[in-house]
C-alpha cells in the first residue's frame, strides 16, 4: 500500500500548519533546544492499529532529524499498554509534533477498531463488511485504508468507479416514464466496461425487475431480514447483494446470516470514536 | 464569523476532488443535463445545526448556477424533519455535490450536537464547556466553529496562542533540577504579553505551588471531585480553573458543581458521531 | 459532464502563469486599455471539437469581464471556417489569454479528431474504441473527456479502478511458482466488488486458462487476426475481449471484424497532432 | 540546467495523483511487498532522449528507497534496444510509478526526436530551429527543455520576455490610424531595455517599413521562398530574421537556404508523437 | 524555534519560482556543470543576523547536494566582514540560488537590526519593544521571528490571539449607545479564556473607564509623555500598558521612561531597510 | 496591466490566512453582523499610489458582497488627506480585511513613492531609473509593478530574461583561462535570440574589451563619475550603459549627467519605507 502519497503529505502539512503556524511558545520558552529524548506510542485501550506510518511521517516532517521505529504494523491487535512505535531525538521537536501525529493515529485506529468489531461479529459467514462514501472531508483515502486495516473491504472510492443507481435517480427518471428496468438497461448499455451497475432496491418485485434488466449488484435498502434472505436466493449466481441501512453491531450477525455478500456500514467512517493512544515521553 | 475563508475553500476543493475526480458516470449516463429540480436538507434526528454554509458552498463550487437558501441558521435546534436549507437548479449538479456537502454538515452538526448536550447538562453552573486540540487533521477551524455553534467555547486554537505546561514539560525540566514553580516563573518572565500561562496540576500541593508562581490558569488533571472543589477554592480570585480528563456526559454535572470555570472535553471533536441529516430531492 | 472542476481550474491557473507570469509588454505597450473588440474561434481544418469550455474558462480567468458565447458544442464536426465560439470585451485581455486558450482547445480537439477517425473506421461493428493510461502528465481528466467527445470510450481512469494483470505481474509471480490461473484467482478472491479482473494474454492456451480462472476481461496483446477471432469465440458469453498493441488506422477495421468488444489505442492520447484552430480578432 | 524545480515537482505530484489517487489494487493484491527487482528503460525506436531525470524523479517520489542510475544523458541518440536508465528496489513501487514515469519520458523524447530531425535536415546552414508558445498547458518549461535536448533553441518562454507585434496588433492599431512604423516605434520607445522588438511581416514593403522603424527581429510569415530570400538580404546586418508558417520537414531545408536566422516550428511541441520507450522489469 | 515549516517552504518555493521559472541562461551558458566551489555569506555593515537558516534552505532546495555550514547564529551581532555561513558544491547551483537566498537574509536581518537599535536605546528600562501586524504580506511568521532575533517581543500574531478594541470599534459601538466600559465588558464576558482584552485609549478619562471595566492591557495611543506617565501610574498592578503611535528611535527612550510595559513600533516590519550582506564566491 | 493574476490571488490568500486563520474575535464579539458602513483609504503623507486594486481585492476576497470604488488610479500623486478609494458594506468584513489590505497598499505605494523621487531627481536627463532582482520574496511581480507606477522601468524580471555576466562569472571563468572577451563571445554565440548580453565592468579597459566582444549592455559597477562619463562616450551607438552601485538620492543626478542610459537602484525594492495610508471608517 502506497500511503504517504503527495496527497497525504499535503494533508499532513495542513494539519501541522493548523497547530504550529505561529509556533509553540511553551516548548520554545521551556525546553532546551539540545535536550534529547525518546517517546513511545502506547495504546490505552483494546483495538486495532491504523495509520502509524502517517503519525510517524508527521514527526519526520516537523524535524527530519528525528528517528522513528515501528514496533507494530497497521492491523495489529492492541491491548492496553501495547507499545506501537518509538520516536527519538530533539525533545522540543517531539513535543511540537505530538498532538498532530496522535490526531491521525487515534482517528484512523478508531475506524479500524470499529471495523474489526463488525468483522468479528459476522465471522463464519461468507460476507464482507464494507464502507461507504460517508467519510471525513479530506481524509477519504486514509479512512478507506483504515477500513482495510480493520479487516473490512472498500465500496466505491469515489463517484467514478462504479454505477450506483439510487432512489433519487429512479424517482427522477420514473417521472419521465422510465421503469426501473429501463433505467438499469440505459446505464448498462452506456457504461464503461471497467465498472459495474449496482441498483438500490426496496422490495422483492424490484429485485426481480433489476435482475431481469441485468444489474450486477443489488443494494438491498432497509429490507427486513426475511425479504433479504429471499432476495439473496433470487440473486444467487446472477448478481451479488449488499445489505444497507441501519446496520448496528447488534444486528449485523443476523443480517449476515441472510446470505448477503456485502454489508455496508456508513458509521464506520462517520461515527467511530477515536482509539485512546498516547505518547509517553522519556528524557 | 468568517467561515468560507481561502482555507475552507481549499478543503472544499480537496473534498470535491476526492469524490468527483473521475466524474460521476451514474448521473452522466442517466440524468438529462437540462433537468431542473430542488433539494432540501432535512434533519432525521434531534440535534444542533452547524456548517450549513459550508455545505451550501460545496454546491456552489460544483455548479455556480445552483441557487441556495438557508432556512435555519447554525446553532438552531433540529428535530426530526426540520427543514434546514434548499438548493435548486440542475439535478445533475445537485446529485454530484450531495455526498460531499452532507459529509461536512453531518460531521459539524454532530459536534455541535454533542457539545450542546454537555452544555445543557451543566446548565445553571457558571462553567464553560470547552474543546481541545484533539481535532480532525485539516478540519480544526471548522470543528472549533461547530463547538461554538453548540454553545461551547474554545480552548487554544493552536500551540501558539497560549502557554500550557503539561506533565511532559514538568517532568523533563524536573530532571534538570527545576521545580514546578521554577518552570512557571520561567515561562511567565519570557512569554508574550498576549498569552497566559496555564499549568497542569495533579494534586493540591501542586495547586499551591502553581498559584504561588503566578499561573493564570490551572488545568486540574484527573482530580477527584473533592480535591477539585478544594483546588477551586484555593484559586478563587487568583487563577481560573479547568477540569480535564475522563469527562463524560454522566459525570460532567458533578464536575461543574465543584465550581471550576472550564471543563474541557476532547471527545467533542474526536469521537462525536455524525448527525443524521439527509438531502431530499424533488424533480 | 462536470469539466471545470477545481482540478481543471488549477491547471488553467498553471498554464496562465506559464505564459503571463511577468506580463505581456507587447499588449501593454501597444493596445489602449479601453479598446473593445471581439474574437472568434475558427476551425482551419476538419475535425471534432473538444474542450471549448476550457478554452473559454481561460478567458474568463484572465478577465472576468469578458463575455463568451458557445456556437458549437464539444463533439461537433468541424470543417474549415467553422465558427466555434466568441469572446468579446477588452482587446488587451483577449490578446493575453489567446495562446493559453488555444493551446487547450487545439490539443483536446486533436485527440477528439483522432478518436473520431478510428470510430468511423470501425463503424458497423459492435466494438468500442478506448483509450489507455498513456496520457499527458496533468491532463488525464481532460484528455479522457476528449476521447468521449470523439465518440470513444474510456478504459481505466487510474490504477485504482480496475485490476489489470499484465505480463510483468504474470512473470514476476511465475517465478514464485504461480500459474496464470493462480494469479487470476488470487486477484479475484481479494478484489473489491466494484472492480473487474482483466488479464493480458498472448496466445490461445492462455485464453483458455484465463477463462477457466474466471477473468472478466481478456486483453489480447499483439495477437494475429486469426488467433484473435478464435479467442473471441472462446470468450463468448464468458468474458469480454480487448484488442491491444500496434493498432493503426489502417488495421483497426480488420481487428474490429474479429469480433472483439474493445480496441484500445494509446496513440490517441500520446501522439495525436493538435487540430488547427485559430482565434480571429475583430476590433 | 535546473530541471527538477518546485514547479516540476508539483507537476510530478499532480501526475502521480492522477494515476495513484485511489491506489493500485493489482499490485497490492498480487505482488509481495518485500519482492525486490530492477527495471530498465529501453528504447524501442530511433530518437533522441529527453526528460530521463524527470522520469526517475517520479520513481523517487513514489518510493524514496528506490535506487536509480542514469545510463544515457538527455540529448543522447537512441536506437532500438538502447538502455537508458535503471531503477531498482521494491517491485511493487516500480510497478506503481511505471506509467507516470514513462508518460513523461516518452513525450519529452518525442519532442526532442522531432526537433533533431528538423535540425539534421538544415545541417550546414547557419540557422536555428526554434519552438513557439504552442506548448502543452502545464508543461512549457519541460517541453522547451526537450527542444534544446533535441538540438533546437527556444523562442520566447512567455509573453513577457520579448515584444512580438503580430498581425492582430497591427490591424487593431491600424484602425486607429497608426502605420506599421508607428507601432514599432511606439513599442521601441517604451520597452524594457532587456527585451527586443520582433514584428510579423507578410511582404517586402512591410520589411522595408519595419527595418526603417528599427525592429530588431522580423518574423517572415508565410512568405514564399523568393521573397524570404530577398527579405533576408534586406535585413542583413540590421535585423535578424525568423521564418514561420507551415514549416514541414520536407520544406525546412529550402527555407533554411534562404538565409534566415531562425525557423520556428510550432508542431514540435503541439504535434510530435511520443517516442516508444518501455520499462523492462527483471525480478 | 521551528522555522522551516511547510509554510516557510512554500514561500521559499514561490521565491525560487519568481527568479528561476525559466532558468538561468547566464549560468547555463557559461559555468561548467561540474565546476565546484564555495561561497560565504559576509556582512558588509553592522547589524544583527536573522534568517540565515532560511537562506541556507534556499540553496538546499535548489540543489540538495549543496553543503551548508552555519558560522553565526541568528541574533549574532554583525560587523563589516563578519563571516556568517558557508555553502559549497556546484558553482552553478550556488549562482542560481544566490539572489533568492540573499533576499531573505538581508530583509530579515534588516528587521532584526532595526529592532536591536530600539532595544539598545531603551536599555535599563523595564520595557519591551514589540511589533505590530503591519508586516509584509506572506512573510509574517518570518518577520515576527526576526523581531525576536533582534531582542524584541511579539504583539499579536494574528487577529485571533487577542482582543484589541480600537477606535473604530469604539466609535461604531458608541453610535449604538455603548460606552467604552460597556464595550470592554461585552468583550470580557464573551471572550475565550486564552486571550486578554486590550483597549485603545487616548486620554486619562478613558484610562479610568477602561480600568474600571476590567481591561487587561491599555494601548496608550499618541498620548503625550506626561499623560502617558500618569496613565502608567493609574494602571499599576491593574493592567499593563502599551505605548503606540509615532514612536521613533529618537523618542523611544523618553517613552520608555514613562514606565510603560510595552512600546510597539510598526516601522520595524514595514519600513526597515535591508541589511547589506553579500555572498562571496571562491572557485 | 494584468495585476490580479492567479499568482497574486494566491499571495492574497496567504496574507489573509496569516491574519485571519483563527478568526477575529474582537469583531465577532463586538460588531453586530448586520451593521453596514463605509470606509475610505486616505493618504496621510505625500507620495505616489500603487497597488490599490490589490488592496481592494483583499476586501472582495474576504467578503464578495463588499462594494469597492476607486477614486485615484495607481501612479496618482498623493497629498495628506487625498481620498484614494472606498469600500462599503458589512462593517465586520471591512474590519477583518483592513490590515491585510493596508499592508499591500502601503508597501507598494512606498516603493512607488521612492521611485518617483529618483525619477524626479533626474528629470531632464535621458535616463531611466530601473529596479533590480533585490525584491521581497514572493512579491516580485507586484513590486516591479510598483516601480512602474512610480515612473521607473524594470530591469530583468528573473534570471531567465537576460544574460548578465557578473564579477563572479568572470572570475570563475578567468581561472579557467578565459578572458572577459572570451566569456562574452561564449555567451553571445549560444544565447537565445530573444535576450541580450549585459556585462559588469569595473574600469575602462574592461569597457573596451566588452565592446569589442559585442556586449549589448554594459553595467558600470561602482565607477567614479569621470570614468562613467568616459565609458558612456566609448559605448555611444554600440552598447547601452547602466550605472549601478551605491546610488543615493543625493548622488543620482550627478550619475545621470554622465549620460548613462539606465541607473539601477536596489534600495527601491529592498529598503523603501511604507507610505502612510490609513482606512477611515464611517458607520
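Per-chain numbering from 1; labels A, B, C, D, E and F assigned in written order.
Here is the rule we use: a contact is a pair of C-beta atoms (placed from the backbone, for glycine too) under 8 Å apart; a residue touches a chain by one contact, two chains touch by 3 or more.
Remember, predicted model here, so these are calculated numbers, not experimental data.
Matched by residue number, over half of the contacts between the chains of B-F recur in the interface of D-E, chosen from A-C, D-E or D-F.
Using the average of C-alpha coordinates as each chain's centre, C ends up farthest from chain E. Where chain D touches chain E, under half of the residue numbers in use are shared by the two copies, so each contributes mostly different positions. Centroids built from CA atoms put chain D at 22 Å from chain C.
We define each chain's centre as the mean of its Cα atoms; on that basis chain A and chain D are separated by 44 Å.
Counting only residues that touch two or more partner chains, chain C has 20-24, 96, 141, 157-158, 160-161, 192, 195. Across the complex, chain D is touched by residues 1-2, 5-7, 141, 157-158, 161 of chain A.
Chain contact summary for the complex, chain E toward chain F: residues 11-12, 14-15, 18-27, 29-32, 35, 37, 91, 95-96, 99-100, 102-104, 106-107, 110, 133-141, 158-161, 163-166, 168-169, 171-173, 175-176, 183, 186-187, 190-192, 195, 267, 270-274, 281, 283. Partner chain D is touched in their complex by these residues of chain F: 128, 130, 153-157, 160-162, 192-196, 217, 240, 242, 261-262.
Across the complex, chain D meets chain A through its residues 13, 16-17, 20-24, 28, 61-63, 93, 96.
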